[in-house]
Each structure stands twice: as C-alpha cells, then as structure tokens.
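Same chain, two partners: subunit A is paired with subunit B first, then with subunit C.
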Partner chain A sequence: MSRQPFPDLARIDAFDKVQGKTKYSSDVPFPDLLHAMTVPATIGKGMVTSIDVEHALAVPGVVRVLTPHDTPPPPPGPQGSPPPPPMLVHAIAYRGQPVALVVAETLEAAIEGAEAVRVSYALEPFAVRFEDADAGREDTESPTFGDADAAFATATTRIEAIYTTTANHHNPMELLSTTAVWAGGRLTIYEGTQGSNGLKNTVAQLLQIDRSMVDVISPQIGGGFGQRGEVPRHTAVVAQAARLLRRPVKLVMPRNQIFHNSRFRPHVQHAIKLGADANGKMISAHYDCLQQNSRRGRYRSDWYHAGPCKVYGIENYRGTSGDLRLDTHGPAQMRAPYEHPSAFAFESAVDELAFALGRDPVEFRLAHDTKIDASTGKRLTSRHLNECLTRGAEQFGWTGRPVQPGTLKAADGTMAGWGVGAGVYQAAMHPAIATLRVSANGVTRYASAGHEMGQGMRTAIAQVLIAGLRIDPARLTILIGDTTVAPQHSTAGSWGTASSVPVAVAAAEKMTAALAELLDGRKVAGNMHEQLARLRRPFIEIEVSMVAPGQGPEHLERLKTGGMAIAGLHGTYPDFTALSYIAHFVEVHVEPHTRRIRVPRVVSVADCGRVISPRTARSQVQGGVVWALGAALREISETDPRYGGWLNADIAEYHVSVNADIGKIDVSFIDEPDFDANSAGVKGIGEIAMVGAAAALANGVFHATGRRLRTLPIRVEHLI
Partner chain B sequence: MRTIGYERPETLDAAIAAYSGSGSGSRYIAGGTTLYDLMKLGVETPTHLIDITAIANLDRIETEGDVTRFGTMALMSDVAETPAIRTEYPVLSESLLKAASQQLRNMATVGGNLLQRTRCPYFRAGNGVYPCNKRQPGSGCAALGGLDRSQAVLGASGSCNAVSPGDWPVALLALDARVEIIGIDGQRTLPLDGLYRLPAERPEADHNLNPGDIIIGITVPKTAAGRASTYHKIRDRESFAFALASAAVAMEIEGAVVRDVRIALGGVATLPWRARQAESVIVGRTLTRELAVEAGRAAFQDARPGRHNRFKIDLGVQVVADALMIAAGRNVR
Partner chain C sequence: MTDSPECAAGGIAVTRRVVLGAGASAVAGPALLKGHHVHAQPVPTPSGIENPLLLSFTVNGSSLELDIDARASLLDVLRERLGLTGTKKGCDHGQCGACTVHIDGRTRLSCLTLAAKMNGRQLTTIEGLSDGDTLHPMQTAFVDHDALQCGYCTPGQIMSAVACVRQGYASSPESIRDFMSGNICRCGAYVGIVAAVAAANSSEG
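Coming up: the complex of A and B.
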C-alpha cells in the first residue's frame, strides 16, 4: 500500500443521511406488517403469578398477546457456550423486564394493548445499589506480575486513593428495534445489530430451528457503541410472534424500556495504590476494581486491568477484581467499556503521583515510555504514545503550565486548569472473507464481514477500493452486516477497520491481477468497467479471505459458522502486543462563585496505526471526547433502592452533552502504520477515542481548583 | 385506539362554550409542547381537545405605552426576539432563550408556558411504579424519601416537594406581571403570584384556575428596574435543561444606591418564588458583592434541604448574588 495519507473523503452515505434517506432496519417496509409492544415488569424482582390479557385483546386491532407460555424455554447450547437470553419468563429479575408482547395491526393499538395487560406478581426482596448488595464480593483472578507489595514497600513516594465511576446508559439516536419476517420457510430479521452472525445463531437456537434457515440484515445502525453487541431479549420473542402469526412483526422499543433492557456501563469502585522510587519511576501498582453485575451477568470484572497493566511498563503490578451482584439487567460493553472507567481512575492516580513528586504530568508520562508489554514480556509494536503526548502538548500550548493548582485565573476570577490523560486500547482483528465483482455495466459490488454503525466502515472500505481499483465510485455498492452476502463477525472492540480494510485491499489487488491476466498484455483503454466491456466480459468476480496474525484455517471455519474468532484480545498476539494510543489535553474553566464547569477546548492526538478514512476517524475521536466529557460532567443513571429500575430513564432527565457544552476539539493522528498487526497497518480508533479523556478533565479540574474529585460525574455540587 | 374529540373554535366564547359542553375531560391545547408530552406519560388523559390556535388576535405582543401585553398565543421565540422586549426587559428575553430548545420555543406559547408541569422524575415516571400525590392524590410522595437532588428546597410540604420548572414565570414574577383570564363566569385578572399554589394541600393542583378558564394575556409594567434586569440560570448542561437554581433580578440604581430591586427564584421552589426578604436587604444600600451574597442568603433563609439537594441552597445564594451583580452592571450603561 502507498504511504501517502488517504484523502479526506466525505462519508459515502453523508448525503443520504442529511436528507433522511438512509434506511435503518425499522424503515424496511412490509405491506402486512404487524406492530408489537413489550409490557415491562413494574416490580423490582419476583414471580409473575398471572397475566390477564383479556382487556388487551379487547383493544381493537390487537391480534395476540404473547406471554411466557408462548415462548419455549431455551434449549441447552453447545458445550461451554454462553446461555442465550431467555425470552418471556415468569421470573422477574429486574424492573422493566418484558413480561409480555402485544401484537397489533397498528402501533397505537399495540401501545394501548400493552398498557391494558394486567400482571400480578409475587414480590421478592431485591437490591439495586452498590451499597445495598446482599451477597459478598465474587473475586475474579486478575493480571498480577512482579512483586507489587515489595516494590510498594520500597517506594519513596506513594499515593493511594479510591475512584468511582457511576452507572451510565447508552443513548444512541436510533432506538432498539427488531423486524422479523417468515417467508418461504425462512426467517429474516432486520435489526441494527453489531453482530448479525451471533444474532442468527442465537435466534436459531432459541426458536429451535437450523441456523441455515435464519438470515440477519443489519443495514445501518444509528449508533452502536456496544449497545448492539449482544442479542437483546426481545429479538427472538418478536421472531416467535412472526412465526405464530405468519406475518411480519416489528418492535421499536421505547427509550424508557431501553434503559431497563439494554446494556449499560456498571458502577465501579477503583482502589489504586501507586509507588515511585527515588528517581521518580513508577515501580509498583495495586489496582482493585469492584463492579456491579447482574445476578447471572457475565461481564468480566478483570478486564479493567487491560490498559493499566500495560500502559507505563510498571514492572510490579497486582491486579484484583470482583463483582457485586444486583437485581438489574446485565451490565456490558459501552464505548471504551473497561478502558474509559479504568483510565479515569488510573490516569487520575498517575496525575496524583506526578503531583506528589512535583513533576509535570506530561513529562512524567513521557518518562514512562516502554517498548515491552510488562504484563506478558512481549514486544510492543508501533508504540507512539510519547509522540501523542509531545505533539498534543505542543498543539495545546502546554509549555509553561504552572505545576501548582489554582494559579491560572482569569480577570473575572474564573479558575482555569489544564489536564492531561492518556490511554491504550487493543489492536484486534478477526478473519474475513470478501467477494468483489466488477462489471462491464459500470457496477462494482463488494461484500464482506462488518457492520456500519455510523463509524464509517463503508467509507473506509470505499477508500481502499477506490484507491486500488479503476472503477466508478458512484456505482460502488458495499454490502456488510448481511448474513446472506458474506460470513459475518461481530463488529466491536475497535477491530472493525483492522478486519475489513486489509481484506478489501487484498480483494482490490486480486481483482487488478485477474484483469491483468485477462488483458494478457493487451493495451485496452478506459477504466476497469470499460476494459471489461471492450473485452466483452460481463464481469469478473473474485473471492479473498484473510486471517489475523497467529490464526489459521480453523478461524476461517469459525467465521463461517458465525462464531467469535478474535485475535489480539487485549492486544496480545503470539509474538507481540499491538495497541492503539491516545493523549488528551483539556482546558477546564470553573466559575468563581457558582462553580459552573466549562470546557472551552480539547486537543487529542491518536496513534491508531494507519488512518484509512481521515474524516470518519476524526469524527470518531470528536465523538469519543464528547462522550467522555458527558460521562465526566453529566451522565449518571440513577436508581431508587426502594423501587429498582432506573429513575431518570429518558433523555430529558439523563443528561448527555449538547452542542452548547462542547468547545473546540482539535484532533490529529500520528498516522504511522503497524504492519505487525495487519497488512493495512490499521490498529483501530473507535474505542481509544474516548480513553483517558475523562481523567484529563478531572485532572484539569484539580489544576484549576486544587480539588481532587475522584467520583464521576463531577457536578456543580462537588465544587461549590 | 382511544378516540379523542377535537374541535377548533374561532372565538373565545366558542372555546368556553365548547368546554362547558364537553365536561371535565376537556383540555385546551395551544402549542401542545406540554400537553402531548403529558399524554404520552399517561399524566393527562383528555377525552376532548379544544384547540385555541384558530382564535384571532391572541398572539399579539403590544409594546406601546406603560404596560406591555403578551397575548397568550405569542410564541416563546417571538417574544424572546422582540427588540422592545430585549431592551425593556432583558430578564424576559433571557428567561425564554435559556428555556427548552429552539424547536420547542418555536411551538410553545407564553400563556401555556405558565402552566408547565413539574419535571419531578417520580411524577413523570410514576405510572404504576412510584407513588405521587400529584398524579394520584393521596398515594404518597416517592421523592420525599428518595432521589431528591432536583427537588425543591423552598415551599415543599409533607406531601410534595416537586419543583416548579419554569423560567418565564420566574422572570414575570420579578416584574409584578398580571395574568388575564377568561372563564365561564367572565373575565378577571390575577397577579402572577396569585396563580400558583403551594403543595400544602391538594398538591395535585398546581394553580388556582377554575375548570374552563383560559389565560388570554399577560401584562407587565415598564420600569427602570426592568430595563436593568437579568435571568441567570445554572443547570446540568448549557442548553435544554431545567434550572438547578436560577434567579430573575431587576434593579434600579440611583446614584450609588439601589432604589428598586426585585428578585425571583427558579429551580429551587415548588412555585415561582419571590424573594422579598432578599430584596429588603438591598433596597436603599450600595450594592457590593458582599451585600449581594447577604441578599442571596436572605433569599434562602427559610430553605429546607432534603437528602441530596442541600447544594441548591449554596448554589442558589451564589446565583442570586451573581444575578444582582449582572443587573447592577446593566444600570451603569
């Protein structure tokens, strides 16, 4: 591949999106469509004793009410596989859990029918707050290496603190939805999912049909961020309704119910001890993370260590972690799932240690550059964290920053502070199989694994196809997120571009070679389409496949059966560790009297390997920073322990940032390829974008005010 | 589907006659920004809607003379952007511009805005889960022993501590606005502070309007204080959020002495709250930041915090003080 930077190409779907033409899964029309609405449980925990559907069925237009009697219990899956989500069951594990599904001719009738269902319960005691947990902590073995206790004992400067990140909820613009269609003995599900393959497998398992009978199409997602990574409970229920009624059924879940039924970022308590030697080198880290989980939740508590145990090459690290089980829906991935909370805590602690040592926090981080992943002893590929820090500091104008807090003051008394935070995130990859057809009629069709969730995957694929092929870009169709066109793999964990682009590059190369073979040295004028036309060949179609470093044919097989086939989890490959890096610089203003916090500017410099799509990559980082600032200053999911569920379960009361909150966000990239990771040199940007930015904000608040705030969100009441 | 009656009378008499004819399930509707929201939440379940948007001349903004009059149907955005309002009453313009979003301000009317209902999360989410005396009289109040960060510290009772959410009514209160009402028994006017009710008894009733009443206009006297006024609002984000604490201040300074000051509070009380004790601290004295803070403390001397909203008192004191200093600055010009 050329090392020229890729051009700043507009999103290929930009015009459609601004004109409202983009079709999301719930936009796919069907003439005989039925509408569904879920009936949420109104109790915190217990058993359904009866469901009275009589009044619901009396609502004109209501066709059927599905209750637990209408959904089969999940059959056992393959050995060792995670259990699928239950469908409708009598046991209520959390408030808001769907109890029944009302299906009607119109959406209005479905809503009215759902409100008319009368459910009786036998109540059970429940606990929803961290501090109310009714069972002990469940520990999970966590990364530990060196001798952190001994090193801490010899440390000459130590800090010890507890940080808290509170529960947060996904609120992408697009609501969760499922449309299920049974036709010709096949089930097709239209759903904005990040894992069409997993959804296919799970629904087949739950409905006890062969997976070959199920197709899943995820045309566009109005925001993934991990929310669309699991198979929601309602999907198979809607599919079951379509099967029972022999008509297409659509459910669009209201936002309040989404708060209760979709993934969320759990409440986590992070206890950190850091020790530095007389030379100011970090020699010991203790990091304990205790997270809330659901009763049967599988969200791992030990993965918070993924970043902290690698980022600064600390040789003695003791990681511990555990769960407190509560009566909620299961917490799970939400952008920079482990790394955003852990980087808030760890990067705050590093800031505290630098301050205790009287060191500048940028210089202190620069002094902890490393070439080795201390947790495994493996070589770190293409680590450019120090370049991120140096370039960011320069762009921000960091030089001359006073170490003492509370010294930058505007004429009106506004306190200013400058904070820095850094982060790492895995550079992972999955295998992919792609087909590419270039036709004489001017059309190019490309199909592979991947999901478009607004991050710009189609734009990134288009970049390399347009760069590598002499084709008509306007008639290029990129089919992803569709189990009928290519084997799909979940798109998450920042492995999207790294998995989808190298195979697209290889497809372009193979197509170029195939055409050259056809031309056999003849000089034929025109682009590829015109050349094919002149050669009287309707089209050329090629197929390519690619696996990640260390993978073999068995991983391609796993891809074909819809399984997970990730390489580079936590950046770990057989011979090296590959990570993305970022540094964020934040200016914080705190008003002198009301202590209102404002953020006029942020500078972020990312090392995500090769930047394939500059515009969407920049957009990803801006979005990540916006979200981090929201999590740092505003977002909190609140629960009243007497009632369970989430109280502020709508976007009027759950405050995400608005435009007026966001100042200038200056994003740039190192843009150095990592050819150890993959042939395109891509490491990934979606998650790293957000990592460390919340800490940069909190560190800036400390620099402005001298107040070290260790719990997010930081709001007016914490500073006044 | 539930059927809802709908009519669109062309005169006030016809609207009131429609209400009289259709009974207690009727609701007037203008911009719809509150009513439709409450219908979706199940708070309002009208059987009949009387749309008053076809009635002529209800949307006038009359700025001539000593009193300004806002027709009830004037849009929030139109009032906020009227040049005479910006100069005569910056507090009114600012209170509107700091409320809701542009889209809502383009739909919502200044009369309807007076009747906006509380944003108490228990009230809004209440259906079937949380007891709420406003939704179901006598059922209890979940907010009193619950997550009360956003609840009132002034004017609460043992049955309700829901905050009055508005900005515009707070600004109007500071300017001694009056409300013109037409009802089944004819026309009358009320001072704005006579419109709202404390939740001591019947917390389900936010106001003193009778069934069938329509607010048809709002009048505000022109004063020197009004010209040197401000609406200061602190919230969890910079737009599209309700006040954690806000203050409307209008002030006239003569020489170095404060001759006239009016202070009203938002986001902290169960109704738009006039802080007369704070006003009396200042009148006749020379305003300094210290005095402004003293006035802020006086404004909150009767405040009773709950479990999570004590900060509203500290914040409110500073908001009042900052607003006083901003208004004082506008006297200089």
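Coming up: the complex of A and C.
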C-alpha cells in the first residue's frame, strides 16, 4: 500500500442518506405485514400470575397475543456457553421487561391491543439504586504488578480521591426494531444490529432450528454505539410470532421501553490513589472500581483497568474491582465502555497530582512517555501520545496558560478554564473472508464482514478498493452486515476498519494479480471492466481471507460459525501491545452568576494509525467529543426506587447534546501507520475519540473555578 | 412566511382515489417523489382500520386520497401506508425532530400531527426535496460537509435546515445552532450540520 495520505472522499452512502433513500430495517416493506407491540412489565421485580388477553383480542385488527406459553425455553447450549436471553417468561427481573406481544393488522390496533392486555403480578422487593444495593460487593481479580503499597509509602507527593460516573443510555436515533419473515422454510430477520452473526445464532438456538435456516440482514444501522451489540430479548419473540402466524411481523419498540430493555453504561465508583517521587515521576497507582451490575449480569468489572495500567508506564499498580448487583436489565458495552469512565477518573487524578506538584498538566503527561506496556512488559508498537499532546497544545494555544485556577477571564467577563485529557484504546482485529468480483459490464461487487452504523466502514473499504483497482467507482457495491453474502463478525471495540480494510487491500491485490495472469503480458487498453470485455471474460471473482497477528485457521473457523474471534483485546498481542491514543484540549466558560458551563472550543489530536477515510474519521472524532461533552455535562439515567426501572426514560428527560450545546471541534490526526497491528497500519478511531475528553472538561472546570468536581455529569448546581 | 417552493413547484394535481395498503409500499414510494403522478395499484385497505376516514391531501406535489385509521399519526401513514420511509421515527413524542416535514411550507413534526388533520394540506417530505437526481442545495451541502453519520436523523435535519435558511435564521453559527436544536443527532454531526447550513445559505445568496 502507498504511504500517500488518502484523498478526502465524500462518504459513499451520503448521497442516499440525504435523500431519505437509505433503507433501515423498519423501512423495508413487505406484503401482508403484521405489526407488533410489546406489553412491558409494570413492576420492578416479581412473577406474572395471570395475563388476561380477552380485551386485547377484542380490539378490531388484533390477530394474536403471544404470552410466555407461546415461547418455550430453549434447550441448554454447549457447556460453558452463555445462556441466550429468555424470550417471554413469567419471572420479571426488571421493570419494562416484555410480558406479552400483541400482533395486529395495523400499528394502531397493535398499540391499542397492547394497552388492553391486563397482567397480574406477585411483587417482590427490589433494589435499583447504587446506594440501595442489598447484597455485598463481589470482587473480581484485576491487574496488579510491582508493589504499589511500598511505592506509595515512599512517594513524596500523593493524591487520593473518589470519582463517580453515572449510568448512561446509548439512545441511537433509530429505535430498536425487528422484522421477521418466513419464506420457503427459511427465517429472515431484518434488524439493525452490530452482530448479525450472533443474532443469527441466538435466534436459531431460541427457536430450535438449525442456524443455516436463519439469515440476518443489517446493511444500515441508525446508530449503534454498542446498543446493537447484544441480541435483544424481543427479536426471537417477533420471529416466533411470524412463525405462528405465517406472515411477516414487524416490531418497532417505543423509546420508553427501549430504556428498560436495552443495555446501558453502568454507574461506577472509582477510588484512586496516585503517588509521585521527588523527581515528579508517577511511581504508584491504586485504582479500585465498583460498578453496578444486574443479578446475573456478566459485564466485567475488571476491564476498567485496561487503559490506566498501560498509559503512563507506572511501574507499581494495584487494581481491584467489584460488582454491586441490582434489579435492572444487565449493563453492557456503550461507546468507550470502560475507557471513558476510567479515563474520566484517572485523567482527573493525574491532573490533581500535576497540580499538587505545581506542574503544567501537558508537560507532566509528556514526562511520562513510555515504550513499554508496564502491565505485561511487552513493547508498545506505536505510542504517539506525546505527539498528540504537543501538536494539540500548539493548535489550542496552550502556551502561557496560568497554572493557578480562576485567573483566566473570557472577553465577556466569564470565568474561563483550559483543561487537557488523554486516552488510550485497544487496537483490535478479527479475521475476515472477502469475495471480490469485477465484471466486464462495469460492475464491481465486494462482500465481507462488517456493519455500517455511520462510522463510515463502507467509505473506508471503498477508499482502498478505488485506490487498488482500476474500476468504475460509481458502480461499486459493498455488501456488509448480511449473513447471506459473507461470514459476519460483530462490529464493536473499534476493530471495524482494522478488520475490514486489510482484507479489502488483499482482495484488490489478488484481483490485480489475477487480471495480470489473464493478460499474460498483452497490452489491453482500458480499465479493468474494459479489459475484461476485450478479453471476452464476463468477470473475475476472487476470495481472500485474513487473520489477525497471532491467529490461525481455527479463528477463521470460528468466524464461519458466527463466533467471536478477536485478537488484540486490550491491545494485547503475543509479541506486543497496540493501542490508539488521543489528546483533548477543552476551553470551558462558566458564567459567574448562573454558573452555566459552555464549551466554545475543543482541539483533539488522535493517533489511530493510518487514516483510511479522512472525512469520516474526522466526523467520528467530532462525534466522540460530542458524546463526551454530553456525558460530562448532561447525561444521567436515573433509576426509580419506587417502581423500578429508569425514571427519565425518554429523550426529553435524558438530555443528550443538541446543536446549541456544541461549539468548535478541531480534529487532526498523526496518521502514522502501525504495521505490527495489521498490514494496513490501522488502529481504530470510533471509541478512542471519546476517551479522556470528559476529564479534559472537568479539568477545565477546575482551571476556571478552582472547584474540583469528581462526579459526572457536572451541572450548574454543583458549581453554586 | 412564504409557501414552500417545493410544494408550489409540484406536479399537476391529479386527484384520484388511491387506496393504498402496506403491500403497496414498494410501488407507492417512488411514485410519490416530487413531480410524479401516482400510479399506485389499488390494494385492499388493511383490515382492522377502525373509524376509517377519507383523507385527501397533496404529498410532494401529487394529490392523494386514501382511507386512514382515525387514530393514525401522519408519520405512521407516511411510513406504513404510503411507503415514504425517508421520514423517520426517532421518539414518536416530538422530542427528536427526526420526523420533521413541511406542511403548507412550515416545519412540523409528523409524529405529533394527526393524519386526519391533513385534509386539503400540502405536504413535502424528504423524498420531495430533490428534483430527480438533482439534489436540493441543502442536500448537496450536507454531503459536502459530512453533516451526517448514520443518516437516520438526516432527513429531519435537512427539512429543518431548509426552513432555517428560508426563514432567515442562517446568518450566524449561533443562530443556526439555536434554530437546529430541535433536531437531535446522536452521532454528533453538529459541526458539519452548522457548516452545511451556512454554506447552503451563502450559495443561495
């Protein structure tokens, strides 16, 4: 691959998106379609004692009401495999859990029918607030190396603080929806999912049919952010309804119900102790994280350590972590799932230590450059964090920043503050199998693993195919998110581009070689299509496969059966550690009377390896910053101790950033390839974009006001 | 406040009784692009329509009549009956702006609009904004400034953005941000959206 920067191509699906032509799952029409609506549990915990469907069935247009009797439990899976989500069951684990599914000829009838279902319950006590947890802490073993206690005892400067990050919901704009169609003995599911492979396997398991009979189509997702990484409970229920009724069935779940049934980012309490020696070097870190989980939740508490134990080469680290179990649905991945909360806590603590030492927070971070992952002793492949910090400081105009807080004033007299925060995120990858066909008629068809949720995966793939092939870009079709065209793997963890681009590069190279072999030294004019036409060959089709560093054929097999096959979890490979890096610089304004916080500008510099699609990468970072500002200033999912579930379960009361909340966000990239990680030199961008920016904001609030706020979100009332 | 030029420039109004069911979506969708006549195949109105009402209105320049459920929102009629799925459901409660359309030239949230109130009205949806393959300048600006990511809120953003320029609120970034704050973009494409609206405003003079 050439080392030239890639051109600033427009997003290849933007033309359709601006015309409303893009088909998301609930946009696909079917004749004879039935509409479904879920009936949510109205208690916090307990048992369903009866479901009266008589009134619902009397609503004109209602054709069936599915209850737990219609969704038998599946046989247990292979030993050691996690249980699939149950479909409809009598045991209510959390408020909002679906109790029944009403199916009707029209959406209006389904909604009225769902409201007419009468459910009786036997209530049980429940706990949904972190402070109300009724059982003890469950500890999980966490990264620990060196001797943090001894080093802390010798430290000459120490800080110790507790930080809190609160529960958040993803809230992509597209509602959760499932359309299930049975035809010719096959089930096809249309659903916006980040894991069409996992959804296929789970639905097959729940319906007790062979996985080869299930297809999942998810070509465009209206926002993922991790919400679409887990198989929702309702999916198989809708498929079961379609099976029973022998007609296509569509459910679009109302947003209020999604709050209860989707996963979420849990509430976490972070306790941190940092110690520095007389030279101002960080020599000891203690980090304890205690998170909320559900009663049977599997979301791990120890992964918050992934970033803090690697970022600054601190040689003595003691990590501890644990769960408090509550009666909500289980928490799970939400953008920068562990890294955003842990970076808020750890980067705030680093800022506190730098201040205690009287050091500039940028210079203090620069002084902790490292070539080694202290948690494993492995080589860090390409750590350009210092370049991110240096370039960001220059672009921001950091020079001359007073160390003392409360000294900067904006032109209009408001208190101003400048904060910095840094982040790391794994550079991970999964295997892929791609097919590429270039045809004499001008068409190019490419199929591989991946899901397009707005991050720009199709545009990144198009970049390398257009660069590597002499084809007509206007007639290039990229098929991803479809289990019928190629083995699919879940798209998350910023492994999308790293997994989809190298295999696309290899496909282009193999195609070029195949055509050269066909030409056999003959000079034939034209692009690839024209050459094939002149050679009277209708098309050439090739297939390539690729695995990540350290992987073998068994990982390709796992891909083919729809399993997870990730390499580079937490950046760890057999011989090295590969991470993405970022530095954020935030200017904060605090109005002296109202204490309203505004963020007029942010500068972010990212080291995500090679930048394949400059335009969509820039948008990803801007979006990640918008997410961080929302999490830092507005977003909190409040639980309801009286009735269970989430209290502010809509987007009028759960406040995400709107346009007026966002100012300038300047983004740039180091754009240095990491060829250890993969042949395209890509490390990943979607998650690192958010990491550290909330801390940069909180550090800016401290700089503006002298008030150190350690709980997100930071609101006006915390500054009065 | 002037009438929407999109509506005024619509095709010849051919009033015909069109009874569209869900199955006609694939047929009806393209037919309701701006300036096209309706050639929908008559299919049965779905059973289960309670208190049917005969609705007569103009969609992207084409006159339509169909029986609707009295309870139906305009958004659900567009999506589930007329196959105009460019208008999106993001909350169904008037909180997100994804369902923004123009009714008689003014921005309206179709999820909060009873379809029954549309009698005699002129409706423009995202499908009616471009002229065939020639994009509206605001659509071009959204592509040029990458003012979108997943694209789900984009139709609503563009309908509001067109109104922002038309109503004279695109003169400064602050004014654009205020005007556009009823349209949530969870991907966070706001920087691009402000740039696109400003650029479209300049190009339209």
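For the reader, a short list of remarks on this structure follows.
FYI, the second predicted complex is superposed on the first by the 716 of 720 C-alpha atoms of A that agree within 3 Å, B and C clash if a C-alpha of one lies under 4 Å from a C-alpha of the other, contacts with A are read in each partner's own complex, and residues count from 1 in each chain.
We take it that a contact is a pair of C-beta atoms (placed from the backbone, for glycine too) under 8 Å apart; a residue touches a chain by one contact, two chains touch by 3 or more.
Everything numeric in this text was worked out from a predicted model, so none of it was measured.
Comparing subunit B with subunit C, the partner in contact with more residues of subunit A is C. Within the superposed three-chain model, A:208 lies out of touch with both subunit B and subunit C [touch as defined at top]. In the superposition on chain A, A:27 makes contact with subunit C only, while subunit B stays out of contact range.
After overlaying the two complexes on the shared chain, residue contacts for A:60 are found with subunit B and with subunit C alike.
Within the superposed three-chain model, A:95 lies in touch with subunit B and out of touch with subunit C [touch as defined at top]. Judged by the touch definition given at the top, the superposed model places A:223 against subunit C, while subunit B stays out of reach.
Once the two complexes are laid over each other on the shared chain, residue contacts for A:645 go to subunit B alone; subunit C is not touched. With both structures placed on the common chain, the touch criterion links A:279 to neither subunit B nor subunit C. Applying the stated contact rule after C-alpha superposition, one finds that A:399 touches neither subunit B nor subunit C.
Applying the stated contact rule after C-alpha superposition, one finds that A:716 touches subunit B and leaves subunit C untouched.
Shared interface residues of subunit A (contacting subunit B in one complex, subunit C in the other): 60-61, 106, 108-109, 112, 650, 652, 657-661.
Remark: subunit A residues 10-11, 13-24, 26-27, 29-33, 35, 60-62, 104-109, 112, 170-175, 220-225, 252, 254-255, 453-456, 615-616, 618-620, 622-627, 650-652, 656-662, 664-665 touch subunit C in the complex. Across the complex, subunit B is touched by residues 42, 59-61, 95, 106, 108-109, 112, 115, 256, 593-596, 598, 634, 638, 640, 642-643, 645, 647-650, 652-653, 655, 657-661, 715-717, 720 of subunit A. By the touch rule above, subunit B contacts subunit A in their complex via residues 1-2, 42, 119, 121-122, 124-125, 128-130, 142, 145-147, 149, 234, 236-241, 244, 311, 314-315, 318-319, 321-322. Subunit C contributes residues 22-23, 25-26, 29, 46-50, 69, 71-72, 76, 79-80, 83, 85-93, 95-96, 98, 125-127, 129-130, 135, 139-140, 142-144, 146, 148-155, 158, 176-178, 180-194 to its touches with subunit A in the complex.
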